[in-house]
Amino acid sequence: METYIFYILAGAILIFALLSVTTRRVLRAAVYLLFALGSTAGIYFMVEFLFLAAVQLLVYVGGVVVLIIFSILLTSQINDRLEQPEWLKVMATMLLVVVGAGLSLFVIREYDFNISETAMTAPTVSDIGLKLLSYGPGGYVLPFEVISILLLAAMIGAIVIAKRMKEND
Amino acid sequence: METSLNYTIWILILPFAAFVLNGLLSKRLPNQVASAISIISILIAAALSYYLAFVYFTDIGKAAETFMAIKAFDQTWLRFTESLQIKIGFLVDPISIMMLIVVTTVSSLVFIYSIGYMKGEKGYNRFFAFLSLFSFSMMGLVVATNLFQMYIFWELVGVSSFLLIGYYYDKPSAVSASKKAFIVTRFADLGFLLGILLLSYYGNSFDFLEISSDNGAAVSQMGGITFMGMSVLSWALLLVFTGGAGKSAMFPLHIWLPDAMEGPTPVSALIHAATMVVAGVYLVARMFTVYSFGAPDVLEIVAIIGAFSALFAAVIACTQFDIKRVLAFSTMSQIGYMMMALGVSGYAAEGLGFTASMFHLFTHAFFKALLFLGAGAIIHSVHTNDIREMGGLRKYLPISHITFLIACLAISGIPPFAGFFSKDEILAAAQMHGMIYFGVGYLVAGLTAFYMFRLYFMVFWNKNQPAESKVHESPSVMTIPLIILALGSIFAGFVPFGNLITTNGQVLETEFHVSLAAATVGIALVGIVVSYLFYAKPSDRPERIAKSLGGFYRTVYQKFYFDEIYLFITQRIIFGIFSAFIAWFDRNIVDGTINAIGWLTAWISSRIKGLQSGQVQQYAYVFLGGVLIIGLVFFYYWMR
Amino acid sequence: MSWSDFFLMQQELALILLALVLLVVEISLDTENKHKIIPVANFLFIPILVIGFLNTSTGSLFGDMYITDPTRILMKNILNVGVFLVFLQVSNWLKTQANNRNRISEFYLLIISSLIGVNYLISAGNFLMFYLSLELTSIPIAALAAYEQYKHKSAEAGIKMILSSAFSSGILLFGLSLLYAGTGTLNYGAMAIASVDLIQSMGFIFFFSGLAFKISIVPFHLWTADVYEGAPVAVTSYLSVISKGVAVFVLAIVLITLFGEIQGLWQEVIYVTAILTMTIGNLFAIRQKNIKRFLAFSSIAQAGFILLGLVGGSNFGTTAVLYFVLIYIFSNLAAFGVVSVIQNASDKENIYDYNGLYKTNPRLSLVMMLALFSLAGIPPVAGFFGKFFLFAAAAEAGMYVLLLIAVLNAIISLYYYLLVVKAMFINSNDQPVPKIESDFFARAGLILCTAGIIITGFISWIYEYMLNNSFGI
């Protein structure tokens, strides 16, 4: 049963991803992306990684994609269709994608992953919180703080780009 | 180690200080002060060099009947590894002293001469600053204790000659010439650099004395490692020689030298006659022990290239009409001579070629500098470089005339002038090694006499009236250096080189070959006579005989006929076709190849521009393609 | 973990402090006086430079997330000096361009954020830290590339950089995930790379490509020219020396400390990409008309030369890289400094605009000439010594073919550098760039760069120090 669900979800991810890059309407591409990311969350649920699944839903499905959809609605004409790409370019891209995917697949399949003996229990939110703020071995407080600087910098960057000259307004 | 040699550092410091002073204050100093600074500094350096030479050859240099190499000082500068270090030092041995003498003497005279020649030119102070820089770099090169120091100064010499050739920077031809000189010699220098890298990694030392010690034992292990059929040592030495060939304008890296004549004439005298262009010869001589023991095959190449360049340039010199270009090709030819002499030389008792080469370098410096300065005086007076527009100048420029004649006699190898002795030794050395070298050398000797006297007769005889009536002799600051150099050209041949400068420091017995000397003088005389017949008088001979055509004496007619055939064979076939072909080959094939390389680079560059389209999607595509290609190639090897 | 442990992180903490101080100063300045932040930032940066020399101890923090040792501190110092020079050059442009007036402090804050990323990147002891700091170095700069958003080219540069950099990050992350899959850890110390595992080698290839993007190694370089041309000169100079320098340093660190086992693999990869990078960079540089694009391709070619020092993986080679990057910072910043001064004064950025520059601005032309000579590697300026050691490193590794190609490329590069010199000194121009009086900071920056170009080669203890603090396999 689980196997079937997995294949259904994986197939959905693949199909939506493919649709997302082949459709000629921007808004549809964003919506397909939404489905692809949602299906990914489904896989996380399936392996009982609840926290990660929740983050996936909240941040990507709920946040990023919605943001993308908003910005598309604000900036472009929804009815506009993207140009039909040249046949040669499509073929070249296909080639690259197939080769890349084949190479990666082969490499991963060749590798003999050790499956750990002990049953893995999903971490709780409090485990994750403690890890994030721990400064000992295995703690993530430093990356956490680096992210905060990164976010600050990103905000300032956004301001720099968005700020208009007073005279122009 | 003698501490008393500390003063030698001033030989380097003084010209450098003059350069810094003149360079920094160039706008503020009056012209006289600027030139005085440069001249006084070089004169003191010259005096110190003479003193050093005196002390070395009479006192400190000799130990156990052998002239030793002494390091006056040797300061560590950059350290690669414990054993491999870069040092800056001052090496005192017979050839470095000989070169110091040459460089300081010629520099001093050229500096003084430049007062007159450059008078009123703009950038006068800048010119003297560059001259000082050049002398400093050249002496740094000469006294280098190791390959790396030599390379640094080698490049500095290149930079300062670039600045001096391009001195007339508002003249496009001068600028393109300086660029050409710079790029061609850089091309060769990078070969030199590769050679240094190879030598240092296998020999584990940059030091000249270390790599030459025990007959090059330190680097002889390189002989065992081979690359493309030749030992690494041979490759390294060949690459080093490439650097030398570039600086010394050996075929086919000579193309910059004739163009470099666009620079001011004193620069040509200093750089392109006596000092920089012989740096290549000096380099090979400096490492002669290594060449001789480590790679005799490379030495053979040196001899071949030297002989070929000597002949090639001598033939071209016969066809040129620009006085400075004739001298440029003549320089190339004479340096080819020196290279050939080094190439045919053996070691110790068979080291005549080495001694002869150094001897010729020494004497050549005098008479070639004299020729260039004399040419400068002539150009200064008549304001043209074209010898067809000159003629009959002997009455108007008496000092230039006499000194020029002395130089021509010296370079042609007429006794007792300096060139005779050194050329004789070179030919003797060539004869010992192989008749083909001797044959080439002998032929070049004749050609040299011919083209030098062609120049001499066309400039000083030929027509009776000078082109301009207001032609007059140059000021004495220009003629005195000429006279001093003329004295040098007369007496430099009497220096007993065999006692002083040899491959191993011990006295080399040189004998005087009467038959050889007679033969050499003979061919030189033939060359002179031929040029006299052609060029001493205006060539109205055909016209004169044309008048008598309607005439009566069959003998006269026959003589005319004979004359015409003679003229036809020599003028049209030999000089018209053969020489013209070589000159054409030089201009179109050798030059053209270099240009073609540049063109090819530009062409490839224009073909691949589509890669840079400005589209991010395409950039990403190439990016991913690159990753996957690397991945696939690796994968391919992995699976095998 | 005690308080004193934090001193190991002296440079990063000082930079964060500086950023906070600048934020406070920014708030306290009223709109008319925003430009007063320029001298404040410039002078407050001097202590940062000094701090780097105070404590050079070895240690690690936060469970090996952060590693420091004298070599890493040296690397940070080199790059901090570079940023200081960028600051000096940028002041005039920030002050005089009307469009910048109300965004001056943002410029400094973004550069400093990026520099914090640079410092953490060098000290990263874990690939999580590595990735986050890498993003921290590039995202603020992408925003700065679009700093002149009212100019089409600048906006384009920003978006191109962000897109390409996101793409390369994706590739890099994929490589990291393969490495994680192969070793089960992201910690440098615990990660045991073995040459027998295909997945690790493949992970390395993807990882390398992502990092090669930052160094602009061919074929991952295509973004460089467009971004360099469109971005403001100050940002371009930062990108060309600091972003590139840090990527080179980290590459050296990971190659030697982590991937030593698969040296055979990366040697081949670097060998090929070095040849491609030098050659392609040169061939494109020849045809450029725009000076910024020209310098972009020249910097790509220089990156190829830098790879010569890495290819052997020896102590000596790493020293050569450190030494070369320092000299490259001086040379490239001197060139960009001149470009910046001229663009600021006359808005000219084509090579033919430099015709006859010597007649009107002899000092600027001399600085530019020295910089180009140094980039071309002509003795006795420092660039020669830098290149010499790189060549020597390749010779030491026994890679003669590579060395030969490098030397040929050095000759080609000489040609196009001389073209610019020729334009400045020889070509005539009816409308030359007018005489320029640069301000105090710009002048100080150029003087420092020139001094660096001239003396770095001659002061042997700089090299000695690097040699003593270098590392190799």
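Labels A, B and C are assigned to the chains in the order they are written; within every chain, residues are numbered from 1.
We take it that contacts are C-beta pairs under 8 Å (C-beta built on N, C-alpha and C of every residue); 3 or more make two chains touch, one makes a residue touch a chain.
For clarity, every value in this text was computed on a predicted model and none was experimentally measured.
Distance from per-chain Cα centroids to the pooled protein Cα centroid is smallest for C. Ranked by separation of Cα centres from chain B, the top chain is A. We define each chain's centre as the mean of its Cα atoms; on that basis chain B and chain C are separated by 43 Å. Chain A and chain B have CA centres that are 70 Å apart. The geometric centre of chain A is 31 Å away from that of chain C, both derived from CA atoms.
Counting only residues that touch two or more partner chains, chain C has 198, 202. In chain B, 624-625, 631, 635 are the positions where the chain touches two or more neighbouring chains simultaneously.
Counting only residues that touch two or more partner chains, chain A has 103, 107. By the touch criterion given at the top, residues 92-93, 96, 99-100, 103, 106-107 of chain A touch chain B in their complex.
Those residues of chain B that touch chain A in the complex are listed here as 621, 624-625, 628, 631-632, 635.
For chain C in complex with chain A, the touching residues are 1, 16, 61-66, 98-99, 102-103, 106-107, 109-110, 113-114, 116-117, 120, 126, 128-129, 132-133, 135-136, 139-140, 142-144, 146-147, 149-150, 158, 174, 178, 181-182, 197-199, 202.
Considering their complex, residues 103-104, 107-108, 110-111, 113, 135-143, 146-147, 149-150, 152-154, 156-161, 163, 165-166 of chain A touch chain C.
Within the complex formed with chain B, the chain C residues making contact are 159-160, 163-164, 167-168, 171, 198, 201-202, 205-206, 209, 213, 218-220, 222-223, 225-226, 265, 269, 272, 280, 283-284, 286-287, 316, 378-380, 384-385, 388, 391-392, 395-396, 400, 403-404, 407-408, 410-412, 414-415, 418, 422, 425-426, 460, 463-464, 467.
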